[in-house]
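Shared between the two complexes below is chain A, which pairs with chain B and chain C, respectively.
Let's look at the complex of A and B:
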């Protein structure tokens, strides 16, 4: 009985070995780069059907077992996981990862496009390196961020990407005007501009004088607390309270000054505001 | 027997025709006429009839007959009379029609009468009401209205230097690099909010300001939320807001929730949306002589005059007023359209109503003017 069992085991192993030696197999690349050619090696003999499925490809063709299967740059244009399947009498499969190539472009978005001066953590930017096939480069690279205003450097920082993203956040400058924001990676440079604008009005003051037709009231040049002139078009609200009632005029700043003509002929108190900022109050006597 | 049915049909038809003629002859009015006959003007042998004839003819835009109901002592031309009713310069009145009227006598003698008329206009912005006092005098056997002379602003020919500011918007193409020319939406902020119950429903109101340096088109939405966190209703400020806000401008807003009360409301979710729009800072409109008065009907009304300090005609001025209590809290927001165009360097009066129950609570107010000009976005 023991002899019979031994004979059966030998026959089984021999059959299994023969079967394994005759069957197809495939070996995928350990490391592949998007947009670069590579190949998959096969074993066995005879014909087989090869399937390749990936983020941007789905391919089927006949191959000869035992030969290399060539994967073109077009096949591997998109980074990500690929599945290779080889079918003859049975099917074998293997997956492999294609990573992004060298950074070829740097996408850069900066927020906001306008920012009031002297605001903490008001400007932020995000840079994303991409290879020539627009695959996000996930391998860490160093992105240099630089902020310049009127040729003076306000901020400079080298930031490594994490999962393909590098970002910064910083305060806005003190002066109104264009803020140049630059992100660079090796020879790649991307520029963006942020408009720094005056902040809320500060020390809003008015003067008034009686004219033939009423009272002409005007602001002194309207600045923010950093000394920047508020942009033209900013609304300043004048309110006059007199014996005839109350007059209000929403007047835009023109060349740094807002003016309004009030009708009141009696003794009048005039106040001023811009947005939520209040200014001084003046009293103008009655028309003589 | 075989002729019975046709005979009956002919008889019924004839009876209906006669009935139809009779009913038409007795008709008290047509659609839109509240009083008097719209087809045949009765002899104006009473002040009521004289006024009804006049207004019915105005309603039908039968101007010759309407003007015949006006006393010749008025000293007004038919053209001026028509313009008074029809409006001019693309004003709201130009797009309105008299929908109906209710008249009641104030006092009357044998030769003179005073009537107060509530005029109901239909307009593109909804129904508008106007209260006018008419004076009627007896001329022979007929009562006629004395029409006040229409005060047309006399604007001298002049050159007004145009130095107004304007913001234009240039948008990038779809093929531009990502993130290269982004322009953020303007930054607006709700600076106050108050929710109250009224007889007609819940009202959410307050003020919103444009904190940015560019003009903004603003809408404010409110969602009423119950205790379970479910939305009960959502409404927008619609026309109870000055939508185009220049930098640092403040506007009131009011959002009405008809037939809803705050009893079931746990929370009010506010949502302000702003988009960048081209805009112009001209014309500047002064709001002059603002005062709260009690009108002839006993209502508290904020009166004032709009003064166009610019060089462009404002076809449809729209006034929005916020009213504050002693603590500076917005307790009500009212609005009203002015049905006359606001010509350059001229003024038009306006009035917005304050609810009776709030008239004592109102301590101060703030008025903004929305301006709609034809051919201008």
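Let's look at the complex of A and C:
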């Protein structure tokens, strides 16, 4: 009886071994790059069905076991997790990763589009490198950020990407006008423009004179503390306090100066403000 | 004319049936959504900190995106991809569905568990990068035939951007490790 059991065990093992030896197997690439051809080697004999499942691909075709299976650039366009499955009587599978290729484009987001001059940490930008198949390049690369105004360099910094992202934050320049923000990576350059505008008014001063119809009040040319003329349309508020009570007029700056006509016949005190900035105060005598 | 007495029970039965039919997809959707566990850690988000309300929005929309993706790749339909995905992520997911429709394959994601960490949140709050260690049971079918069945752990690098009313996934890229 024991002998019979031993014989059966040997037959079973031999059958299992024969089956295993004839079974298909596959070997996937250790590393693959998006958009680059590669191949999967197979073992065994006969025909099998090959499947490739990954981002953007779901391929199924017949293959001859023992031969190489070619994976085209189109199969591997997207970086990510891929599964190769080979089925004849049973199915065998292996997984591999496809990583992004070399940077081919640089996404660059800059904020804000319009910024007052001389503001701390007012301009920021985020750059993300992508390969030619729009996969995020996660291998560290150096991105050079530059800020230029009227051909003068205001800021320059080389920033290595971390998890596929490089970013900067800096102060705005001193002069109103276009600010060119550049991100470059080897041969790749992406440009963005930020409009720098004058900041709050500085040393806001007014003069006034009595006319036949009231008081004509106007500012001296309105500048910020860096000497930039405040843009047209910036509102200046004149407030008059006299025997008739209090009167307020908003006037937009035109070519650096804001003017207003105020109705008051008695002695009047006029003050001025623009945004949070207060200007001087003047007294205009009563109408003779 | 005397109204038919058989009409009332039939009408009630029809209403009941319609109610069931309307409820089943909603329950299915809920079941699929409930099966996706997501834990989000925003402590390391920089340079901008993620506020609590934003965190809740990202968590809600990230979970919904995985539920939608699982549905799209199981039933080979594009509809679930409208909304939760945009940009490259939407492109390759649509391409996968098209390719699966041709090959007859489908994916089933079960018991999804995502441990997500926010690693970058831009100064203006217009892009967030997440690292997701996703654990799920993946089944691949050729028609009705199961050709692959395993529990997997996959690391994903995710870029999400805010839209008018939700966060959408723009980039969903699996990597061997972070």
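FYI, the second predicted complex is superposed on the first by the 272 of 288 C-alpha atoms of A that agree within 3 Å, B and C clash if a C-alpha of one lies under 4 Å from a C-alpha of the other, contacts with A are read in each partner's own complex, and residues count from 1 in each chain.
The rule we apply is simple: contacts are C-beta pairs under 8 Å (C-beta built on N, C-alpha and C of every residue); 3 or more make two chains touch, one makes a residue touch a chain.
None of the values given here were measured: they were computed from a predicted structure.
Participant: Quick one: is A:164 in contact with chain B, with chain C, with both, or with neither? Answer first, second, both or neither.
Facilitator: In the superposed model, A:164 contacts chain C only, not chain B.
Participant: Considering only touches as defined above, state whether A:72 meets chain B (first), chain C (second), both or neither.
Facilitator: So A:72 meets neither chain B nor chain C here.
Participant: Figure out whether A:53 sits in contact with chain B (first) or chain C (second), or with both, or with neither.
Facilitator: second
Participant: Once the structures are superposed on A, label A:231 by its partner contacts, choosing first (chain B), second (chain C), both or neither.
Facilitator: The answer is first: A:231 touches chain B but not chain C.
Participant: For A:138, decide between first (touching chain B), second (touching chain C), both and neither.
Facilitator: After superposition on chain A, A:138 lies in contact with chain C alone.
Participant: Who does A:109 touch here: chain B (first), chain C (second), both, or neither?
Facilitator: both
Participant: Both chain B and chain C touch chain A; at which residues?
Facilitator: On chain A, the residues that contact chain B in one structure and chain C in the other are 109, 111.
Participant: Which positions of chain A touch chain B when the two form their complex?
Facilitator: The touching residues are 107-114, 192, 197-198, 201, 231-237, 244-252, 254, 260-263, 274-276.
Participant: Can you tell me which positions in chain A touch chain C when the two form their complex?
Facilitator: Residues 49, 51, 53, 55-60, 78-81, 83, 85, 87, 91, 93, 95, 97, 99-100, 109, 111, 124, 126, 128, 134-136, 138, 162-165, 167, 169 of chain A touch chain C in their complex.
Participant: How about chain C: which of its residues touch chain A in the complex?
Facilitator: Those residues of chain C that touch chain A are 47, 88, 91-93, 95-96, 99-100, 102-105, 107, 119-120, 122-124, 126-127, 129, 131, 140, 142, 147-148, 150, 152, 154, 157, 159, 171-176, 178.
Participant: Using the touch definition from the top, list the residues of chain B that touch chain A in their complex.
Facilitator: 163-165, 167, 177-180, 182-184, 191, 209-215, 246-250, 281, 284-291, 303-304, 307, 309, 365-368
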